[in-house]
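Below you'll find the structure, written out as structure tokens, and then a few comments.
Naming follows writing order (A, B, C and D), and every chain is counted from residue 1.
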Amino acid sequence: MELRSYIIRRLLLLIPVLLGVTLFIFGITMMFSPTQRAMLYVRDAKQLADLPAVIERYGLDQPFVVQYGTWLGQVFTGNLGYSKVVSQPVSDAIIQFLPATLELAIFATPLIILLGILLGTTAAAHKDRPLDHGTRVAAILGWSLPTFWLGLMLLMIFYGFLRGFLPPGRLSVQIDLLVNAAPFIRYTHINTIDAILNLDGPVFLDALRHLVLPVVTLSVVNVAFIMRLMRSSMLESLGKGYILTARAKGLAERVVVNKHARRNALIPVITVSGYVFAALANGVVITETIFNFKGIGWWAWQSAINLDISSVLGFALFNAVLFVLVNLVVDVLYTRVDPRVRLGQGVQ
Amino acid sequence: MTDWKFTARQLVRNPLSLLGIIIIVIFVFIAIFAPLIAPTPESHQQRPYMIPRDGYRAQPEPPSEDHIFGTTQGQYDIFYGVIWGTRSAFRVGLVVIGIVVVIGILLGSLAGYFGGIVDEIIMRITDVFLAFPALILAMAIVAALGPSLNTVIIALTVVSWPSYARLIRGDILQVREEDYIEASRGLGASSARVILRHALPNAIYPTLIMASLDIGAVVLSAAALSFLGLGAPEGYADWGQLTSFARNWIVGPPGDPLKYWYAVTIPGLFILFFVLGWNLLGDAFRDIFDPRLARR
Amino acid sequence: MKDLIRIRDLSVRFYTYEGVVHAIDDLDLDIRQGETLGIVGETGSGKSMTALAILRLVPYPGKIESGSIVFCDRDSGGEVELLKLREDRMRAIRGNKISMVFQEPGAALNPVYTIGDQISEVFLLHRRQELGRRARERVDNLLNDGNGFGAGLKRPFWHWQSRIYDKIAEEPHALEPRLLSHIPLFRRLLWRLKDEASLLTVDMLKDVEIPDAARVAAEYPHELSGGMKQRAVIAMALACSPELLIADEPTTSLDVTIQAQMLELFRRIKADKGASVLFVTHNLGVASEVCDRVAVMYAGRLCEVCTVEELFLHPLHPYTRALLDAVPMPGKELQTIPGALADALNPPPGCRFHPRCPSATPLCQQERPKLKAVAKDHMVACYLF
Amino acid sequence: MSKRLSKLGWIVIIALLTLALVAFPACTQTGEEEEEEENGGPAIPYKNDGIFVQMTIGEPETLDPAASYDNASGEQIDLVYETLVDYDRGAAGDFVGQLATDWVWNAADLTWTFTIRQGVKFHEGGDLSPEDVEYSFERAMIYDRLGGPTWMLFEPLLLAGEYAGLTFADVDATVEVDGNNVVFTLADAGYTLIWLQTICGGWGSIVDKEWCIANGEWDGTEADIPNHYQQEDGTTYLWTHMNGTGPWKLNQWEHGVQFKLERFDDYWREPAPFDFVISQLVEEWTTRKQALLAGDADFVLVDKMYIPEIEGVADLLKIKDLGELAVTSMFMNQDIETEDNDYIGTGQLDGNGIPGDFFSDPDVRKGFLYAFDYETAIRDIMLDEGITPPSPIVEGLLGYNPDASRYTYDLAKAEEHLKAAWGGQVWEKGFKFTAIYNSGNDMRKAAMEILAENLFEINNKFQVAVVGLPWGTGMVPLLRSYRLVLYACGWGGDYPHAHNFVAPFMSTYGTFSKFMSYGSAELDATIEAALLELDPEEQLDKYYELQQIWYDDAPAIMCWQPTGRRWFTKYIHGFFFNPMIPGDAGPLYYMSKSAS
């Protein structure tokens, strides 16, 4: 099968899943009585004073299917409701807050993957030796660390002893003014990338400084996850016949491990990299909350504690769609890496 | 049974898994004897899970004779909180894992055994749930249902059952191929009987063990939700919440930055060790069950 | 005939959870130049381990405990002690002077690289100088023939390439090419080496009678049949014209018809290249077809070493005889060897075969029989002789 | 793996080096700053010259002066828009002209005549005219956002509370342009001072008529009123856009993140002292504190509970004992909406809930009032920086009676009242309901917990669950639909007059009393009589009387009246206190920042 038709087929398969996702999301809101939902959706004192009129106007007492249809129609036109905590439509809020989170992800993802793979490889290559035990304990420890606690501990250390060294937020005040003033063009709203595009060193460094702690916090757990996976995958790979062949060829151990074993060991890691996305999505909520890093996770948290249901559900829906697409990309990537996989069939 | 003996021996011989076992045993001990370790004051008898407080001042107080771990924001006693929090942790973990495993076995074996349209429907439903990043879905559910310990349990159950159903389905599928199921069917045994008597026990021991070891992960998620303010009511003995109380007290006044170290460190360490214990054990079991790393 | 490999007192042990396994116990064996030596034995007898020990590739948790393996280089005439060689020198021998073909061709090939890549790798590793020379010649040709505007532009680049490849041809580990090959982007500048290697690869594939060699080189292992894979593996092993080719059960996993082709290929290779072959097999029939001499192993020790004719006509060791009796032949009643293979963890004392031996004596239970010559080219380790 | 580094290894090393590179300048930077002082911690460095940075927890709800009725919005509107007159510095009774150069009271016609300042420019370029003034007030009144501030305009002008029931002609007649003057006709002489005080607030801001109309706001005609009367929230152009005459203009509003103002260069007075005024939204205290101590913020919000944290810092400008005109109370809803209400348990007086009219029995209310430990609240929650007011008429207001009857903490009396309540049923069966505070406000939470704890102590069948709900999205809808049972809320004065405290707490139309079903027509008459009384002595008596009524009715628990504190870095100069300035940071136009 051709790649294009494979992708099209996969996209078609997504439709029932996404329909299920929307149904589920909508089902959650339908657990409330019409009055409660009226209170959830309106933001206007006038309308609050007359809830029956609101119910009437928005058809909140209509049969489930009718309401679902209406809602689905709105979702398709990009109307995910209104986010009260930031006084703007949910879709606008996502657009406003996404770049910050993307920036975190841009730095955290390569760090997670590279470090996870490197450590996993190292541990496997040193199986049952001190280095392996060390990395293994570190991985279990990292995997057990509550992200929020790690963040707080980092804050305790860096705030307490190195004041101003790695500050919270996204940019320092003056840099922020610089970024928003005329000569600086905000192409992406991702500060580091914009800084590069504008060839602005100070902005880049300042943005990077603000990123260090959140990125570290976000990465630790996931590095541990990838590392563990990579280690067992590498161990499996290193036990394979082709490794012996490679050694018998006279290849250096470095080449054997890094070329022959790793390429194969990466395949299962790629299949789970979708979960890394999920873990990141979960992680940004906590990380951004702790570091006052105003991205989409912070906004979701604010919405959640403010019981701003339409925002939270809009956010969940957005994440689900993204997650599903990421998994699609991962699957396509998988077919590229493993020549044995024929499109649409999977291994074996 | 020799297999179990072998497993037990492996666990005890590996220092890491042994450490895990010790940690878990200690926590079980704490949970069981919480009323003895941290007795509930008279006035609190009716609601032992609410942490007693010593006044209403916000500023945490350092460890003292009355409060051996100090008090956190709002003068909640940290020691009482973490001890009784152990019970809360076990409660959330055991209830969620219990429900999830039951649902997983039910739906997973239905899907795996009958296959066809049943399988298709159940798997598409799991697809829907797995389409969400877990914590985000849990967060949405808790926010929608209103934060409380029970909603946390519901939310974590909702987000975690699909993967267990899938695992068990996979196990069943594997077993179904094996001959003795065919054989017992040939002898006229009913499907349900076949599943219950033959397929399940063989298929799911490892899955069950791995599931029960996920308690650590469940508690971690619950703690995260609590930390975000989407968990038990304020004042409830809960580690995540105790950590969140410390949020405003991470750094002490100038010149004494670690003044409130106890407020954030102690509850966090309890979470860390609890999860670590289960993960250590889980890691050892993973190695034992992993056919790829079979013993040499 | 001169020896190619002299193995003396070789011991290989495995340190497992359960205890120490004596995989090879004081083994003495010579491989002569140009001969095909078969090692036969049951699974677990240590025959494959012997092969791996020669390449010093005994897998973890195994360890070469003691002994010596001397490699007498036919080309240079020097003798080297393989077990004491520095790791990088040893690597220079692996795949170059001594190469190996494994049992399962499917497993022996890396599924994520093309056949061509995997064979080229050997050339790039061991024939860098030659590749450099060939690449340089090609660049020089370009310099001489190149005309027109494009060539004019490229000329300085060609000059530079010529110099680099020249350096590689002279000294493959000179600083400049070495630096280049370590810097990710610049590594690509050495693409001509790869090109040359691919050309050699295709030649090699043709050599092992693979039809449509250029296409096969671009394919992944899973796209080939078992026989083709094994040919590719053999091509890989033969790439650098080794002096010793170790074949570890190369035909076991193949269909019978393919097996025959494969054996034919081995015979031809030996004839063409004059290499020695160490042929590890559990199949006496296969051994009889390709081998000049045969060594019989049991539980990590040699029982008997003799020419293939002697083995079939005058087998001496009780184990050899039992082994031969266990070979199914028309008109003969099949006999099994009583008892089970010796427990590797707790091997019986004395002769390891004594619990199963019909003619065991009390001495056999106590002391290990030494391998001794009973006739020309016939050695046996048994108190009966 | 060999000792040599793999490709990945190099990448990681390069990444670490980059990190180190980033950290290095930061490191050296802090290295220079950290000059330890003997006492009071490290010196606060001087940063962000010409920029005023504050960190608070509230975000503006709206930028529309006619709609804004919360502090965070009012603060920004106060900096961008200007009113006709303003309080003269700290004095709440003296006024200075802002957009008016002169103002004259005509007792005979009941008119205030304001002479409009010439040569004032709006940020978008328009010139200030008397028509702008007329338009601003008329627009506010015909818009009449529900829950907005406009009621304060209707009362003095038209003796009404809202636009409903009035005509455009009524409204139009109250504000007229006369040459370069604008004439307001009041409804009663009792409002003379109150009117001046009222229009000092953000709702008295002057907008640019032409600019508004050009951007789709009300066009000034009666025909267009239906399109703008109680327009849906968020739909007015002014909701998110600003065009005032003040010293700063809107630069950027990053929702949920920060609000930035920049200096307006064509300002009619001396240019503003700060190039930028940046208000950042930082919910958690540690970040705010660290920013203040690192010099990244010039002013941060410091909750009472955190005062000990920074009290010892030498480099801070500490301003104390400010007499805030604000009060926090716990309200008891006497007529709870029981439908779809999760907070009243079973809805019956059966020990597992309360009926909707639970609090209509005065004995219940009085029992509750006696059960609150006022002293503990002041000591533990307010850290002794506040007092317990006896009634809504708090200290600092004309009409405050320091000797008014007040409730004290007395569990015996509480028990007595609760035993009598509902014919003894309350005592016998007990009750259970949920009390709500706005989440994040730990002081109110603690106050409710004190009450709940004490009630539980009196009779452990008395169960009050204390739950935090977000203000805007959680409490307000419940409040406005009468579903809150017992809730904590605070009130900050709009203008420094007892009426502004009596009306919200005691009138049938009051912000609080309305939603706890307290008040009566009779009481309304008493309130009006007190307000319109022109004789100061008499007026004082009438307000004293109202305080006694409050005591007798016992409608709500008066928790505390805080004493204000402000914390700036020592580089900020010129702060003075006026309780009517909406922003905690004070009169920024009169303040400055310098390293000395």
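We take it that a contact is a pair of C-beta atoms (placed from the backbone, for glycine too) under 8 Å apart; a residue touches a chain by one contact, two chains touch by 3 or more.
Everything quoted here is computed from the prediction, not taken from an experiment.
Two chain pairs are in question, A-B and A-C; the one with more C-beta pairs in contact is A-B. Ranked by how close its mean Cα position lies to the mean of all protein Cα atoms, the top chain is A. Chain geometry summary: the mean Cα position of subunit B and that of subunit C are 53 Å apart.
One finds 23 Å separating the Cα centroids of subunit A and subunit B.
Averaging Cα coordinates per chain places subunit C and subunit D 86 Å apart. Chain geometry summary: the mean Cα position of subunit A and that of subunit C are 49 Å apart. Counting partners per residue, subunit A has 155, 159, 252, 305, 307-308 as the residues that reach two or more other chains. Touching of two or more other chains is recorded for no residue of subunit C.
Multi-chain contact residues, meaning those touching two or more other chains, occur in subunit B at positions 146, 229, 247, 250-252. Across the complex, subunit B meets subunit D through its residues 43, 46, 55-59, 73-74, 146, 229, 233-235, 247-255.
The residues of subunit C lying in touch with subunit A in their complex are 52, 55, 57, 59-60, 88, 91-96, 99-100, 102-104, 106-113, 121-122, 125-126, 220, 222, 233, 236-237. Of all residues in subunit D, only 1-2, 4, 6-9, 11-12, 15, 18-19, 21-23, 25-27, 29-30, 33-34, 42, 47-48, 51, 53, 59, 61-62, 145-148, 230, 232-234, 251-252, 254-258, 260, 276, 278, 280, 282-284, 286-287, 290-291, 293-294, 296, 339-340, 439, 469-470, 472-474, 476-478, 480-481 touch subunit A in the complex they form.
Within the complex, the subunit A residues that touch subunit B are 16-18, 20-21, 23-25, 28-29, 31-32, 136-137, 140-141, 143-149, 152-153, 155-156, 159-161, 228, 232, 235-236, 239, 277-279, 281-282, 285-286, 289-290, 300-301, 303-305, 307-309, 312-313, 315-316, 319-320, 323-324. Contacts from subunit A toward subunit C in the complex involve residues 127, 240-242, 244-252, 260, 263-264, 267, 337-340.
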